[in-house]
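Each of the next two complexes has subunit A plus one other chain: subunit B in the first, subunit C in the second.
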Partner chain A sequence: MTERYDVAVIGGGPAGMAAACSAYENGAEKIIVIERDREPGGILNQCIHSGFGLHYFKEELTGPEYAGRFEEMLGKTGARLMLDTMVLKVTQNREIHMMNPREGYSVISAGAVVLAMGCRERTRGAIGIPGTRPSGVFTAGAAQRYVNIEGFMVGRRAVILGSGDIGLIMARRLTLEGAEVLACIEIMPYSNGLARNIVQCLEDYGIPLYLSHTITEIMGKNRVEAVKVQRVDESLKPIPGTEMIFNCDTVLLSVGLIPENELTKEAGIKIDPRTKGPFVFENMETSAAGIFACGNVVHVHDLVDFVTAESKKAGEAAAKYAINGNSAAFNSDSKAIINGENIAYTVPQSIRTGNADKFAEVFFRVKRVFGDSAIEIKDGEKLLKSYKRQHMAPGEMERIIIPGDILLSASGSLTISAKEDEKL
Partner chain B sequence: MKKLELERKKTDENGVSAVKELVCIMCPRGCRLKVDESKDYAVTGNACPRGAEYGRKEVTNPTRVVTSTVKVEGAVHARCPVKTDRDIPRPLVRKAVALLDGVVLKAPVRRGDKVVSDILGTGASFIATRNMEASE
Partner chain C sequence: MYDVTIIGCGITGAAAAYELSKFRLSIAVLEKENDVACGTTKANSAIAHAGYDPRPGTKMARLNVLGSELMEGLCRRLNVGYERTGSLVLAFDGKGMKAIEELLDRGQKNGVRELEIISAERTLEMEPNINPGVLAALYAPTAAIIDPWGLCIALVSSAVVNGAALRLNAEVRAIERKEGYFRIETSSGAFETRRIVNASGAHSDKVSEMVTKPFFKIIPVKGEYFLLDKSQGGLVKRIIFQPPDEDGKGVLVAPTVHGNLIAGPTSERASDPEDISVTARGLEKVLNTAARSSGKIDFRESIRNFAGIRASAEIDDFILEISAPGFVNAAAIKSPGLTAAPAIGLEIVKLLHEDGLELIEKEYFREYRSETLFRDMSMEERSEALKREKRFGRVICRCETITEGDILAALKSPVPPVSIDGVKRRCRAGSGRCQGGFCGPRVHEILSRERGVRMEEICQYREGSFLLTGKTKEGGAI
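Right after this comes the complex of A and B.
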């Protein structure tokens, strides 16, 4: 006999815990959260810096504090937290195959499933840096785990490639632990990290940020000995004659995160090549009925608070699905969101009007930096609504609310685009 | 980040100290603030009161909340994360972190437990930011 749950959540990080709490608040009784690590909390456990929770808890918390609060809330729901357990397979009829050292191989079934597996880091292999292959090259998150949880220092003189938030945070962390951080190197003409992290992690410690530069060679036999850095042109190609050598023993890579969707793909769930996460509807339901997704497995978020908000939405929808089965809204008229000019991706990718009679939230990223600008929603050539912004950047997720009447008035699809404000 | 280059620009065209531009670090929103020294450090561009306070403080007496880790024995992990329970003056950050060298906690640790009291006479303390159960 396979054990039956109302809602099964895969992943016990911030997304999974929030989804489980929300499923409970919305009437699901038998809930399970399956986590591969020995403790819940996911990546928050190693994010010891502060800056979490300002939206959701209205106070500034560190990662472990944010995780701790959710662990306590989850504890009160009576949900089963299954640790040290690896999910091997999810099927479209909502069976979950998993394995752990205590119970071996087991299969459960669920009324609704929430995918909350998070994301992983891009590696040296993903960006193909030339050079030798010495030790001392780490992804920033791996270094963060070594330093903050395992208690190992990763090096003495470091260069950071990429200006993602984890790289910036680690620049400060290594400096405070006594290492010298020589530079942060970013291939784009702008930083992908939050402005606050540029200020308090680099500028506070006098660490230079080289925009439009990249590492073109890693040198060293056994351990990293130096890196070669070059300026890049507009097509991101290294410019000859701009070489700089940094003598260092460590390179940290903060070059992007990829949603972790092996289970999703194997289940035959539709993936959006832009987000590399599952295609989702307005309530975070995937292309498979009764299977929902939330957090960084869908798209990489800037803030855990936004992960929490999205996951609560998914948990609520999962509970409703588990209790009521397929709702009328599932089959209601859907409006595809088309990415117009300067839009890198949107979440959701489609909105079913039966679930969005009052309004629908759309999250997206722009492709480049904007000053005074406008976001436009169009039905074909017809402008339905525009939103003003003073500043937009690819590193900062944007959010708009589309009123229900505008959604209903659109003929088939909605196009979202961004442009400079013409009045200036 | 073009706007960041303007940060800490101290003078106007006449070389007179006037408006400082900076990015608010109170939350991840990162508001672009302007602080006018000639108008008693009046702050504009902030989306919330925390930004006004930050802008004023950042040009008069910059402070930071500091996070780090300390050694812990008898727990599943080797390190316990800590933070200052309030912000401390920015010039004291490195000295404050140095106080954590040699501190060894014993599991169990509770979130909020004091790790170092009265950091460098500031009245702030380092506190643990997570529970660490004793491992068998």
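Right after this comes the complex of A and C.
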């Protein structure tokens, strides 16, 4: 006999813990959280800087403090926390195959499953940086683990490629630890990180940010010895004659995060090629009934506070599913969200009106930087609603609330687009 | 005093050591790096060629076909990845048609079995994802995909288990001929030996010149590759070539025994035998040429680029001969050197015997079987493994599902790894899509703990490729 749980959560990071807490608050009794690492908290454990919790707790916490609050809340729910345990397979009928050194291989089943496996970093191989392959090229997150968890320095003179938040945070961290950070190189004409991190992690320490530049060669026989940096043109191709050489022993890559959906794909759950995460409905249910997803496994977030909010939604829906044995609205009328002009992706990708009679929350990213601008929701050519923004950037996730009456009035699908505000 | 010393532990040196260790001989293998399989052996197309490329009558032709025949049995006995996928050479125009007919003729002269030219329809039925503009293809069912470094490690491990001495970090600096023996000076001491096999790959001209007059020059030729995620691994089932051009066999697209897709190589004269850098131009060439074989390859799913050096020489054949009394050259072993390796091993034994080496077979010779990874075990084997070692239950590398037990087994093997990449080559930890982003620090920790070496001293690959430069101010006191 396989042991049965009401709700099984895969991943004990911020998403998984929030989903489990919310499942408990919404009536699920037997809950399990399965975490591959030796402690819960996920990537928050190595994010020892502050800036977490401003939205959710209304105070500024460090990553481990934020994780600690949820660990404490999770403890009070009586949920079982399985650490050092790897999930090997999830099936559509919600069986979970897992393994750890204590119990070996085991299988459980669950009334509802929440996928909360987080994301991984893009690597050098994914972006194909030319040059030799010496040691000293780290993804920013791996470097962060060495520095903040293990207490080791990864280098003395670093260049950061990409202006993602982890790279910016590590620029400051390495500087504080006595290393020299020579530059942060970003191929796009704008930064991919939060504006506050550009100021607090680069500008405050005099670290130059080279926009529209990239590393075109890594040099060094055994350990990195230098990098060649060039300006890029509008099609992102290096411009000859703009070469600069930085003598460094370390390159940190902060060139994007990819949701980790190997389990999801193996389970046959539909993936959105834009987010690289599962396609989800308004309550974070995936294409497989009773399997929900939340956090960075769905789409990469900027702020953990938003991960928490999304995960609570998933946890609530999972509890309801486990209790009722189905999603009341699984087959109700659904409205697809179509990505119009300048929209990179939306989450959810579809809204079932039966679950969103009052309103629906939609998260999305724009494809380029905007000043005064408008987000428009259209039903075909018909404008249903417009939202004003003073600034939008691909590095900052946007959120809109679509009122229930507008949702119901739409004929089939809704198109979201962004444009410069002409009236201003 | 060794009976035979082999210089270089790539696939050629390892194959020689394996064959020689079947006889009552004292054998040494000298390797300049801190691990075996660090040169061409770790960076090539990972193919056992059928044998229709080499000019008939050459050593390359004979040893390729023999090696291809021996390869499957050898890989099965040593538990090394091998899959007889077959290969296709696609023709897209009249020139291509002429080329595959020539290859068919050569292959038949070389004794390649089951070669045939097949129609476009049949080609597309076998490989629906290739370029539909194909006119016909040369089909070679005997071609295979293999695990080159796995084979090298298993071969030298077998030799070590049977008494051969492997000396790592021993770069040969000088060879002195004495009365009936040689004295070899290396970066870690001197060795005396009656006979020498020079299997030093891209450096084999320099090593040969320590004993013989200069008579060949190695021309290092660089080949750049893409390795793609398993999501692309099933795109083609066979090795897909285009007709060879002046640069060699051209860019291939093939599945790997590990489930990935490989595309490459380019063919560029390299500035030095250690230049394994990748270039924007080279990668672009692979991308564009591979796209001609199949337009469906998603290069955004690339997980690694690499380059390898082929040890070519002016002469269009292997240099495999007694070049001086007691001194056998196994040089200029370019493609199809990997395929030919099992046959080259036998050939080296034959040459040493011709040179006067007495060969008495050992009564006991035990082949070393590579460890089966936990993920590849049957359910019974898994529960058995878990009873023996609980740490088979701890997954360290998520992408490849490699457990701590697998890593510990590699560390206890006859030729244990010392570096992060050494662990990767033995049990694949860090070879997946995150390229060690998650498991790198964990593997690092296990290596440090099991070897009893400080974290700062563990290298990514060779000596000097250190990962850490010291402790933080707090020294990890969090």
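In this text, the second predicted complex is superposed on the first by the 422 of 424 C-alpha atoms of A that agree within 3 Å, B and C clash if a C-alpha of one lies under 4 Å from a C-alpha of the other, contacts with A are read in each partner's own complex, and residues count from 1 in each chain.
By definition in this document, contacts are C-beta pairs under 8 Å (C-beta built on N, C-alpha and C of every residue); 3 or more make two chains touch, one makes a residue touch a chain.
Please read all numbers here as calculations on a predicted model, not as lab measurements.
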First, second, both or neither for A:84, with subunit B first and subunit C second: second
Touching partner for A:234 - first (subunit B), second (subunit C), both, neither: neither
Partner chain(s) touched by A:303 [first = subunit B, second = subunit C, both, neither]: first
Contacts of A:422 with subunit B and subunit C, given as first, second, both or neither: neither
First, second, both or neither for A:198, with subunit B first and subunit C second: first
First (subunit B), second (subunit C), both or neither touched by A:148: both
Touched partner set for A:48, first subunit B, second subunit C, both or neither: both
Partner chain(s) touched by A:65 [first = subunit B, second = subunit C, both, neither]: first
Partner chain in contact with A:381 - subunit B first, subunit C second, else both or neither: neither
Residues of subunit A contacting subunit B in one complex and subunit C in the other: 48, 147-151, 177
Of subunit B, residues touching subunit A in the complex: 1-4, 7, 22-28, 30, 32, 64-69, 71, 76-79, 81-83, 90, 93-94, 97, 111, 129-131
Subunit A-touching residues of subunit C, taken from the complex the two chains share: 226-227, 274, 276-280, 282-283, 300, 302-306, 382-383, 386, 390-395, 398-399, 401, 404, 433-438, 440-441, 445, 455-456, 459-478
Subunit C-touching residues of subunit A, taken from the complex the two chains share: 36, 48, 84, 86, 88, 99-105, 120-121, 123-126, 128, 130-136, 139, 141-142, 145-156, 177-178, 216-217, 221-223, 238, 249, 260, 262
List of subunit A residues in touch with subunit B within their complex: 38-39, 45, 48-51, 54, 60, 62-65, 67-68, 147-151, 176-177, 190-191, 194-196, 198-200, 203-204, 211, 302-303, 369, 390-391, 393, 396
